[in-house]
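Read from first to last, the chains carry the letters A, B, C, D, E and F; within each, the first residue is number 1.
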Amino acid sequence: MKTGVSPELQHEIEQFLYYESSLLDDGKFDEWLTLLTADLHYFVPVRETLENTELGVRGTNDVALMNDQKESLELRVARLKTGLAHAETPRSRTRHNISNVMIEEQSGTYAVRCNIQVSVSRLEKTEFNFYGYRLDTLRRTEQGLKVSQRKVVLDQTLLPRAISIFF
Amino acid sequence: MNSQSRSIEDIIRADVTPALGLIGRKIFTNPEIYRAELDRVFTKNWLFLGHESQLESPGDFFTNYMGEDPVIVTRGKDNNIHGFLNSCLHRGMKVCRLDAGNARAFTCIYHGWTYDNAGNLASVPHEDRIYPNKLDRQKWSLVKIPKLQSYGGFIFGCWDEHCVSLEDYLGDLKFYLDIFIERALGGLQAVSGRQRYECDANWKIPADNFAGDDYHVPWTHGSYMKLGVVSDQYIDLPCKTVAFPYGHGIGDISPGGGVYEADLAIAEQMGPEVVEYIKASQARLQKKLSAVQAKIYAFGHGNIFPNLSLNDFSALWPVGLYWWHPKGPENMEVWQMILIDKGAPEAVNQMALAKFTHVQSAAGAFGQDDSENFEQVTQATRGVIAQQSSFNYQIGLGSVIDDELQRQLPGEVGPRISEHCQRNFYQYWKDCMLRGDQLP
Amino acid sequence: MNSQSRSIEDIIRADVTPALGLIGRKIFTNPEIYRAELDRVFTKNWLFLGHESQLESPGDFFTNYMGEDPVIVTRGKDNNIHGFLNSCLHRGMKVCRLDAGNARAFTCIYHGWTYDNAGNLASVPHEDRIYPNKLDRQKWSLVKIPKLQSYGGFIFGCWDEHCVSLEDYLGDLKFYLDIFIERALGGLQAVSGRQRYECDANWKIPADNFAGDDYHVPWTHGSYMKLGVVSDQYIDLPCKTVAFPYGHGIGDISPGGGVYEADLAIAEQMGPEVVEYIKASQARLQKKLSAVQAKIYAFGHGNIFPNLSLNDFSALWPVGLYWWHPKGPENMEVWQMILIDKGAPEAVNQMALAKFTHVQSAAGAFGQDDSENFEQVTQATRGVIAQQSSFNYQIGLGSVIDDELQRQLPGEVGPRISEHCQRNFYQYWKDCMLRGDQLP
Amino acid sequence: MNSQSRSIEDIIRADVTPALGLIGRKIFTNPEIYRAELDRVFTKNWLFLGHESQLESPGDFFTNYMGEDPVIVTRGKDNNIHGFLNSCLHRGMKVCRLDAGNARAFTCIYHGWTYDNAGNLASVPHEDRIYPNKLDRQKWSLVKIPKLQSYGGFIFGCWDEHCVSLEDYLGDLKFYLDIFIERALGGLQAVSGRQRYECDANWKIPADNFAGDDYHVPWTHGSYMKLGVVSDQYIDLPCKTVAFPYGHGIGDISPGGGVYEADLAIAEQMGPEVVEYIKASQARLQKKLSAVQAKIYAFGHGNIFPNLSLNDFSALWPVGLYWWHPKGPENMEVWQMILIDKGAPEAVNQMALAKFTHVQSAAGAFGQDDSENFEQVTQATRGVIAQQSSFNYQIGLGSVIDDELQRQLPGEVGPRISEHCQRNFYQYWKDCMLRGDQLP
Amino acid sequence: MKTGVSPELQHEIEQFLYYESSLLDDGKFDEWLTLLTADLHYFVPVRETLENTELGVRGTNDVALMNDQKESLELRVARLKTGLAHAETPRSRTRHNISNVMIEEQSGTYAVRCNIQVSVSRLEKTEFNFYGYRLDTLRRTEQGLKVSQRKVVLDQTLLPRAISIFF
Amino acid sequence: MKTGVSPELQHEIEQFLYYESSLLDDGKFDEWLTLLTADLHYFVPVRETLENTELGVRGTNDVALMNDQKESLELRVARLKTGLAHAETPRSRTRHNISNVMIEEQSGTYAVRCNIQVSVSRLEKTEFNFYGYRLDTLRRTEQGLKVSQRKVVLDQTLLPRAISIFF
């Protein structure tokens, strides 16, 4: 077992993750973008049931659900703000539950693994969940901690709905 | 008074009247019509299974669905492509529970019957001592898809042995399919991985949308028009929609050119290698196909009846393929894959992958907003009162198409904004549902 | 032997015998009967949509359901109330996906057709160039609810143009509805917000319960009786149940008075302003209505056929309104709203809101325990053997009502403990199901 | 052309042909056949409810299902066992919402009707004043299961008053049941607690598996064979399968002995007390039953038609009991309980409990892997094409059984690997479905 | 991003929240009540899909799911203990999963935001979840930390069942 | 309310639990076994709706879902590795979300209670959740913390599927 980091650092990083996800749940997307570094890589692979690989996680050169840079995430946020992104107008109600946060310090950056369960409810009735884990790289900048890499591994091969939210 | 007075055939005959541009709503939610569709539509027409480039080596396989029947498609040790029902002939177990892989044989986990990768029953545990009357292994091989043919690398299967050939089924549509098939300098290559998501909609809603609904783009995808990702001239571009026999339809066709020029402009910003590539693509089209096809340059979007939709926006985009897999009258699974040109520069293919995730993917803008429509249309269509009115597909009824253009372009050409492809889709659907076993 | 030998009409004719106090169980779970109900009950009778105070300004709207059909109700720019199906006449999309709001128009997100807030099709993108045969915009306006009438601020709609008027439909029930409508010094005001929760029960179970089931209170709500929140004399109070044509029924009616006196006692503990208010309410009833109505003072509870239940326990409680929205034979959604007296002191309205959350709300004691009954009744009613026995609604069969009382009180009066309102409910339900299109 | 041309009887007649070893697939997914099964199979045959040792004291009860009908089984204050529908005769509420317990009476929470623990309506609140026409309490007692009989402590019920006796229904199967019933030195005792889990499979798939499918063990349970938990000689052991009238079947029967010897070998490692116990069990069998039964020593596994499966691997294992409770054509709930010998040493019973959790339990290896089969068979059987082929149950068709053995063993004996028990299961199932009310 | 509190205080408050919710899951309602101040306000608003408000959370003067004082919560608990509160007799099996705890100290009280997922299973079969977040105010008293305000914002506009539990 | 342990110990134990569950989610079962003591008792009782016991948790002498010693868990893991444990070949995709961790120190061992939600998705479609709580006893050994007792109390009386995973 890896030793992890100090309770103080664990606390700081967990608070950062909670704050970050609260911005998503509160629909404060512009503020959320400020927590991402300019060289961000944001990747949501496709998951399948494959032989010779128990996890079935596809790579960045395969079909991906999301495979974004900072600019393209900004475009996604800009889209939400047009008022014409119908899948999110009215907004879905999301809840990002973060658990099992494990941190490793790597020469000035933090490799963070956490479990996520994102529950989404929408309009009158639709309610569904995304399950999986995240591998983040956090970097300390002058404006505080920021996310410089995020890989979101969803457990579901069949998603409950098209993805109109961020993880 | 009888509680079930009308047969589904009566409903279809009376309510589905494409010539009037009116399609009754019951066909989108009625469970009995749905069950009949699985038979009369999905076992009688050619269904897309996958692309040959998914099966490079002997033993490669992938699984998929035809209607609600699970199937396996393989490259056998004979190097031929095979397709069969994914259900053991002994007592029905799924013989393969993977999405894709490579296998010499499929061994059923229930009792160990083993089928080779051409679907032939190869061994039965203790066969000799348990069948005094002998087991005819040939007869108990996996149910083969009786018709399995490819066009330009696209593998289709049909359960009806008496169906028309795939070439005839595609017919004039091939003129347009050839554009992206032939444009690829190195040939088309499937990118690994398929996306899948649930959508609570009847499968015909998205199929008819892709068959020729250019009209929805400025509204449904208004966010990207506002941001300039889609041109704000989109709806006024001199594009056409084209309908074909057997229910196929396409849109976004630019017989007057313009797509190539736009690619070139982007390519110039990307550097000489990409300029070179775009020019070579154009040259190849001119050499392999006709001047008209070279001018069209990209396919746009379309639907091959019943439930394969495609888009090919330009040589800088991937070819997008969508299955609307039926899972009940009001539910479907969207399965997606993409193809890229093996001969394209790395930068082009990276751009194509990126465009895909932003636009077409399950997390793409079009994917999201189209899903919202498909689901809410289905939702608002279920009620007793809703079902007393018909959907209106009257756009372009009575419109006249320039003779010259119609001469140049195979298929039945219609205006940019038109619902004739959808009318064509439902007319053929109606034929399937009413002719039953004489089809196609 | 035939596996589906009996039509649903045969089942209903044989099994639903209110005169004998016997109601067969199949009508609560049979899917075909359910589908027929959506037509024969829900499109042929007046359905409650909401209260006028929800639509104060032009452009205000809310959405709701009539059976399984989604509808929008608006105050148009003409200041009139309008109601229409929430489904685009083009290709079916829901034109409004909000619960409530204010809008000058509803623009469909699929292709941009725009309807004004009276439901009229106001604009169609590119209309001129896409309909060579012209589009008759009037004909393609949102489907109007053909009959839309209010009584005392309560908006009802009916899909059947030939239905009786709302006044006639409510009939003698108005005598009792007037009590809480007129008692409100400042008029009734909807409190913002509607509650919604799922309940796996057939919608008729709660409707029949509210229609006149005072009998269940001491048992189902025994916890509150034990704690003194409900009087332990409840079942012995000299209350009555009353049934009406068209299936309506009410309970907890106190022709001998007592509710007013109880209110006054509480008011005295709350201070002079409240005492004043209670007295003014009583005075207003005496002035605007009859002495009998003033003595009754509060409505109790009831069900307006088919699926609107109400309660009004006294001037210190809100008027509670419940929709049992059908969502399949064994499923419903409970939607709730409340009304308060705009003229009541703040303390009274705060008390009313508090009482609501403790008793009637989705988190209220009555809401919880009634739901448990509704669900478990449905659960225990699905089996083959269960369906061979009938529910017993024989309470009060053969009972005789005091002539004097019957003269005073409109409607068919029954004892405190009686199932005559339920028998009346099912008799009218049976009439609807068997008369079909001649109704109501 | 008619969309529903074949009645379910026609389908069953044509597709279910056990004599040919062919069983059509529609009977596993067709909703109408499922509904008919609930009537023609589940209300006409004896269904297992539980074991007498679950009801030690007056007032003890447990709840269970018969088909989809919920029932309560009690030991009444008269010390007799009673069984009745768990649905109030007033208005249908479940009168008991517990899995097990002890109660003198069941009071319905809806209106307080109270039934004694023999199901008799004991009191009705305010009965005197609310039924002017009198209520016949006897008539409105809980619906009794008209036939309720036990065999060796196993309680069965049947809704058909004219059914054969339980003894006749079990018939020759009793010869084998007696083995584990009589082998228990102290009598069989239910271990507290029942397991329950969902499985998306038709209930007949597991029932037919347990009825005689020894063939699947080396493949489905190959992991335990590889690890040596199951003997790698398993399939070659000289075991037999046996079929019985009324659809019952069993497997793993060792007329040549061997199970006892294996127990003894294990017992020797466990110490003298266990050796003693095993020998005493054998001695008891020899004394109480026949030499043949003593040699067989353990039951193996089997299915009592329709949906009770059992296993009894040896005196060192618990008796495992499985209900395949139908919950729709493609869904079931697996309920499990176990019995142990009250007279066994503590070490034996601890071992039995441990073996259970590793092998038979919801978390056991067999439970897991069998579930995977049952679900995936159902999945691959739903499609239109899948339903055009039949399951193959031809193993052992035409095989000849040693006359001597058949003389020794009651029932129709078949080889180790055979599907004759399954053919027998479906033949009787077919008889039930086609004979309808003349059954059994 | 707000700085939050010290790891020690975070730990103390999280433990308090976990303990509190364990009392609910264990059915120890009387002990639970002792963790609430006498002036408690406990509020569960209705949530809708509304225009001009992306979150659609209704207020205290609107129709509310719960809007309780200490006394009225005591009444709810008393009701459960009568043995006649049929929706909870037999008791539902609840599990309060608390995550993403964020704390702000405000002049002697603590403003605590956390995500909740409350899973409920009942009788033979029914299983459902409530998703949302909570805004608590905690106050330090002589008997330790207590809850003085709780606002429970559920994400679902259509609840999966009538509410017979506490959040 | 019990006082719990220090933030440092809480941190250490939480990290241990997260690490342990990550091994399960990653399919590293051999490594997982090393975190269990040789005298481990692993118990998953049956849950029912019973009178006179609100929780309805059955005991170790009743029918149990799992009731294992270290050796028998090793057998379960060996089984998974045969390649023939069909219910887990291909592997289910699991996610063990651990929350509400409460710890009590008891003469050198730690009694740990936590909530679990284990989401499972399998093959093309099946997705289900197990809800409940765990009572663990952890012991400090020369190789670090290990689990010496685990009781997994699931909330569901009707499980969504046969259990082919570990909790």
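Here are a few things to note about the model shown:
FYI, a contact is a pair of C-beta atoms (placed from the backbone, for glycine too) under 8 Å apart; a residue touches a chain by one contact, two chains touch by 3 or more.
Note that this is a predicted model, so its numbers are computed, not measured.
Identification of common neighbours of chain D and chain F yields B, E.
Two chain pairs, A-F and C-E, are compared here, and C-E has more C-beta pairs in contact (counted per touch definition above).
Computed centre separation for the pair chain C/chain F is 49 angstrom, with centres defined by C-alpha atoms. Averaged Cα coordinates give chain D a centre that lies 45 Å from the centre of chain E.
Mean C-alpha positions place chain A and chain B at a centre distance of 32 Å. The multi-chain contact residues of chain B, meaning those touching 2 or more other chains, are 97-99, 109, 196, 220, 369, 372-373.
The residues of chain A that reach two or more other chains are 7, 10, 49-51, 56, 86, 90, 97, 99, 117, 123-124, 157-158, 160, listed in rising order.
Which chains touch which is summed up as A-B, A-C, A-E, A-F, B-C, B-D, B-F, C-D, C-E, D-E, D-F, E-F.
Across the complex, chain C meets chain A through its residues 97-99, 109, 196. Those residues of chain A that touch chain B in the shared complex are 44-46, 48-52, 56, 58-59, 61-68, 72, 75-76, 78-80, 82-88, 126, 157-164. Across the complex, chain A meets chain C through its residues 86, 90, 123-124. By the touch criterion stated above, chain D contacts chain B in their complex at residues 1-4, 25, 215-216, 218-220, 235, 369, 372-373, 376-377, 379-386, 388-389, 391-400, 415, 417-418. Residues 7-8, 10-11, 15-19, 21-22, 25-27, 35, 90-91, 93-99, 117, 119, 121, 123-125, 127, 144 of chain F are the ones touching chain A in the complex.
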